[in-house]
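In structure tokens below, several structures.
Each of the next two complexes has subunit A plus one other chain: subunit B in the first, subunit C in the second.
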Partner chain A sequence: MLGGEAAPARARWLLLAPTALLYTVTFLVPLILLLVFSVATWDRGVIRLGFSLANYRDFFADGVTAAIFGRTVRLAALITGVCLVLGYPVAAFMRHCGPRMRLVLVVLVVSPLLTSVIVRNVAWLLILGRTGLVNTGLQAMGVVDAPLKLMYNELGVVIAVVHVYLSFMVLPIFGALISIEPALEESAASLGAKSWQVFWNVTLPLSMPGVAAGCTLVFVLSMGVYLTPVIMGGNFVVTLPMVISEVVRNQFNWANGSALALVLLLFVTVLLSASARLQRRGSES
Partner chain B sequence: MGEASARGRWLSGAVTLAVLIFLLLPLLILMIQSFTAESHLSFPPTRYGVRWYRHIFTARDWRGAMSISLLVAIVVTPAALCLGTAAALGLDRGPARGRRELYTLMISPMVLPHIILGLGLLRVLLWLGLTDTIVGFVLAHLTIAVPYVVVMVGASLATFDRAAEEAAQSLGASPARALWHVTLPMIRPGLIAGAIFSFIASFDEFIMTYFLATHNMTLPIQIFSSLSYDVDPSIAAVSGLMIIVTATLTSLLVARGQVLGGGKAIA
Partner chain C sequence: MTHTTRTKTTTISRRRFLAGMGAAGLTTVPAVRRAAAQEEKRLIIYNFDGNLGKFYRDHWIDPFAAANGIQIDTITMTGSAPPMAKIKALVDAGKPDADVIPMQLSDYVFATRNNMLQPIAREEIPEYANLYPQFIYPHGPGMVLWCYGLAYNTEKIKDPPTAWRDLWSPAYKGKAGLNEALFEQALQMTNLAFKGKPTPVDDETFAHLKRLRPNLVSLWTTGAQAEQLLRTGEVWITPLWNGRVFKLKDEGVPLEFVVPKEGFFVRHNPFCIPKGAQHPGWAKRWLNYVCNEERQRILAEKFYYASSNRRVTYTPDVAKRVVVASPDIVARAVREDFEVILDNLPQWRKGWDAWKQS
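Let's look at the complex of A and B:
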């Protein structure tokens, strides 16, 4: 009707143009600049443009950065594991709920996500801090004499990050569970499989695409947390994003900071695209 | 099977209940504490009142941050709605080839570390001389709000029956008229959801603004810079206010969703 393929193609570009323009300013040009700065050299406060891989070499060779990267990976993996253990049962429960109950649960699970990261951290400060609710409560009941160290360590960071990213685990798993034909499980059961065998051999494998998607998402997002480790971890938990912020905002070392940012970006992008490819292959087979 | 399955159901129900308490209790406790009438936070407060809410509406720094936050969100919401809706229409109407890749690109700010986006944007805005300005904040917030609109409107378009729009055009309506009078009213749920999520995304945004702000502060940045070892009651009140704003907007969305679900059930 509109003259073959050419017209819709042109209309598409026209409609995408405003957003493309925005992303060029806030996304594309910034990335190019980071790339340029990451191969520049920094000499006591002065950036010299050029081509040097020293910033990337330092990442692996200075003995500190690679270790912090490793610790960030470990923290993200820990957060992902806790989200999986807590999130799977919630998704499984939602599967057997009525539509209204499901809606309520989705809203409640997503609610931390709709709350600003700073507000959530203030809330956890009030609960886990030295004079927070848990410690004053336990001390008043005489359970403990000295306040427990519930934050300014990894525990506090994991609690506060799981609080918000749990939804990214629950929703994909729920999506996978809801698309499983109940008949498959029923026939397995009618053939004599015990209920845990049905779960282990039928339900769990069929929900794996959701588990993989949820784990990737939570892991990737956890690699980028900045504010929560700053507030909940004090100076005792250092993540790669904290280092990036420190290097750029306080040392003004854009060369080093850009290289760190790009390594993180590359790592995250590779993970996301590998996961997406895996998902697609799963859905096509 | 029945007995063991019931046990599984019971277990998942128990975990779900515990998780819900874990998710909601912190924000609930913050809300309760924000209504203290004392000069220090304690739980439960011995006296309740809106003392600290009155304080944040009169104190100069909180008022300033509040008006900047509101101004930015009010500019970002319609702008993100226009850009995101156009992009979603472009993806929906364009040729299938490359659609998935373009969609991924359009929503990528959702999953990429915001610290990297903030860092890169700071670099550009330093050159443009736009750091610490409302324009800079708007650009940052638009980048994270547009993907929400693309997702929400895109989902609405996916269920939208093109026949109505084509009928309008075959009856002589111009494509623009058909879009305005047929398509947009039919995808209204997606538009409303996109607008609400855009507002919340802008109002809540922390990390990108944090990189850009030095004197001009949005509410989240002002909270962070006033945060010290002990939480001040005014911080609790501002946090409470932010929860009230986002919760009100979210419940609007949920209420509409239920109305819509009811309508579908009748039809």
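Let's look at the complex of A and C:
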């Protein structure tokens, strides 16, 4: 009965309508506006609508913006790598510990997300600054003669961003680890595999979907860091979001800002697609 | 049927013309008052955050609201710059969200180029008669004159700096700061130090900046950030606004403010009314109120920001702190052309970003 089958299908579409409307207004329409502005031109503070690829050409040709983009990608990769190295052991420990300790670890890992970015970064100033806790302690112990440069550079940015984004690495990996059948690892061990061999040949491959998800999430988030490089990097660590903010807020050049934002969006979209494809291939094999 | 229009011509004498113009001018002020009287008794103002915003609320906004029985709402800006992109969109839609907007000078140039502001006739703000002429804009009065010079820690630096060029001294290696948000002023400062004039910004400017790099700890973005750097001793010397320096000094931070001998910068905020504002009459009355001597004097005494009202006088201590306490001192400030600045911002910014990465 066609009429009977069509009615539930229509109802399903109708249920989607509020969400579709919300996404149309808050995502699709702004995206279209970004596209329109990205091909406009900036004329002494006045935006002239039209069609020009000058903003995209400048991205590659001006010798500065593409380099900043490359630096942003490098920084995001570095943050992702550090989060992976620190986060995987935490996730593995959470898998094997009791529920109470697991809850404590989850709270610890997630707690940076509960404070504002400004408060977090100001707290890091007190810890990593020239007269902060770390330098004061190291000098008092005689480990160093002069304060170490722990912030207003890339190191400070990486420390502060890893602190907050670690949870986005730990939780997906933990989710993947907890879904591994213990019997698989026990079987490998019973067949003579050493513990590192069990980990390398059984646990790690089966946890890769979680690793991929965590790395993708942290990388994408790190591509968008803005306030932390301003505070912890002393504005010497320049990321593409900082350039976009400056271009839009101080130069009133929404055409250029739109083009840069779309370049960033396209890059992240390609990355997410590639990651999803890799994960699908991994689960098929 | 054809209508014939008969046109009557009248010759108007010069005397009658001038009398008519005078009468028209005199009727403007009551017209503003009548317009205000006809408007809803409400005003919406963009206000600064932090202590300056609190000051405006306590001394400029609430007293006016109480005296006139009107409701004044404020929209707090983040930092000291209004959200010009949002304001433009609202003005273009015919519905600006505020009646008065204090702006940075580059914001003002942007707003005028995009036809966002209502012109204000001189007669509509009687206090204009008491303002220095250079602070009367076609779209509103310029107020809150702040001076940009060198702040230094008196405990760490025993030999006081006297010039912008002192920032480059090897004695300040890893101890200096610079303003990222007003990077165009840093570029002009560099030019003043080595070329004697603020522009042009070119490769030579960035070559000098490259030599400054080892001295720099941080490029701070907000006044609060600069304060924190100075308080904690991370930075010993940095360009900064006079008001911030003396406020910190009053709080016990060992700082002093120096007017560099190559020249100093003075900026201010034009207070303007956007096109389509719902309460322009009250906006003009408020602007007139805050321009007056009393309101301006209180600002100078509390924040050490000089006044554009020539009737304001300062005690010797306040005069030293506001720096630009007289018209001849104002005249000695480095002249900045904000039309040129806005035109060149993209190119200067790329050079600045390239320098930071070098």
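Basically, the second predicted complex is superposed on the first by the 242 of 285 C-alpha atoms of A that agree within 3 Å, B and C clash if a C-alpha of one lies under 4 Å from a C-alpha of the other, contacts with A are read in each partner's own complex, and residues count from 1 in each chain.
Please note the rule applied: contacts are C-beta pairs under 8 Å (C-beta built on N, C-alpha and C of every residue); 3 or more make two chains touch, one makes a residue touch a chain.
Predicted model, so just to flag it, every value in this text is computed and none were measured.
Asks: Applying the touch criterion given at the start, work out whether A:V73 contacts subunit B, subunit C, both or neither, answering first, second, both or neither.
Replies: neither
Asks: For A:W124, is the partner it touches subunit B (first), subunit C (second), both, or none of the two (neither)?
Replies: In the superposed model, A:W124 contacts subunit B only, not subunit C.
Asks: Examine A:W254 and indicate which partner it touches, taking first as subunit B and second as subunit C; both and neither are also allowed.
Replies: A:W254 contacts both subunit B and subunit C.
Asks: Using the touch definition from the top, say if A:I180 reaches subunit B (first), subunit C (second), both or neither.
Replies: A:I180: touches no partner chain.
Asks: Looking at the overlay, what does A:L148 touch: subunit B (first), subunit C (second), both, or neither?
Replies: It touches nothing on subunit B or subunit C.
Asks: Between subunit B and subunit C, whom does A:L204 touch in the aligned arrangement: first, second, both, or neither?
Replies: neither
Asks: Based on the superposed arrangement, let me know which partner A:L108 touches: subunit B (first), subunit C (second), both, or neither?
Replies: First partner only.
Asks: Taking the superposition on A as described, I'd like to know which of subunit B and subunit C A:L278 touches: first, second, both or neither.
Replies: It touches nothing on subunit B or subunit C.
Asks: Decide which partner touches more residues of subunit A, taking subunit B and subunit C as the two options.
Replies: B
Asks: Should A:A54 be classified as contacting the first partner (subunit B), the second (subunit C), both, or neither?
Replies: After superposing on A, A:A54 lies clear of both subunit B and subunit C.
Asks: Both subunit B and subunit C contact which residues of subunit A?
Replies: In subunit A, residues 122, 125, 129, 131, 231, 248-249, 254 are touched by subunit B and also by subunit C.
Asks: Inside the complex, what are the residues of subunit A that reach subunit B?
Replies: Interface residues on subunit A, with respect to subunit B: 1, 5, 8-9, 11-16, 18-19, 22-23, 25-27, 29-31, 33-34, 37, 86-87, 89-90, 92-94, 96, 99, 103, 105, 107-109, 111-112, 114-120, 122-127, 129, 131, 133, 136, 163, 166, 189, 193-196, 198-199, 217, 220-221, 223-224, 226-227, 231, 241, 244-245, 248-249, 254, 257-258, 261, 264-265, 268-269, 272, 276.
Asks: Which of the residues in subunit A end up touching subunit C in this complex?
Replies: Listed in rising order, the residues of subunit A that touch subunit C are 42, 44-46, 62-65, 67-68, 71, 122, 125, 129-131, 152, 230-231, 234-236, 238, 243, 246-254, 256.
Asks: Enumerate the contact residues on subunit C facing subunit A in the complex.
Replies: Residues 81, 84-85, 106, 109-110, 113-114, 180-181, 216-221, 225, 228, 232-234, 342-343, 345-346, 349-350, 353-354, 356-357.
Asks: List the residues on subunit B that touch subunit A in their complex, please.
Replies: Of all residues in subunit B, those touching subunit A are 1, 4-5, 7-9, 11-13, 15-16, 19-20, 22-27, 29-30, 33, 41-43, 82-84, 86-87, 89-91, 93-95, 102, 104-106, 109, 111-117, 119-124, 139-140, 142-143, 146, 150, 166, 169, 200, 203-207, 210-211, 219-220, 223-224, 227, 230-231, 235-236, 239, 242-243, 246-247, 250, 254, 257-258, 261.
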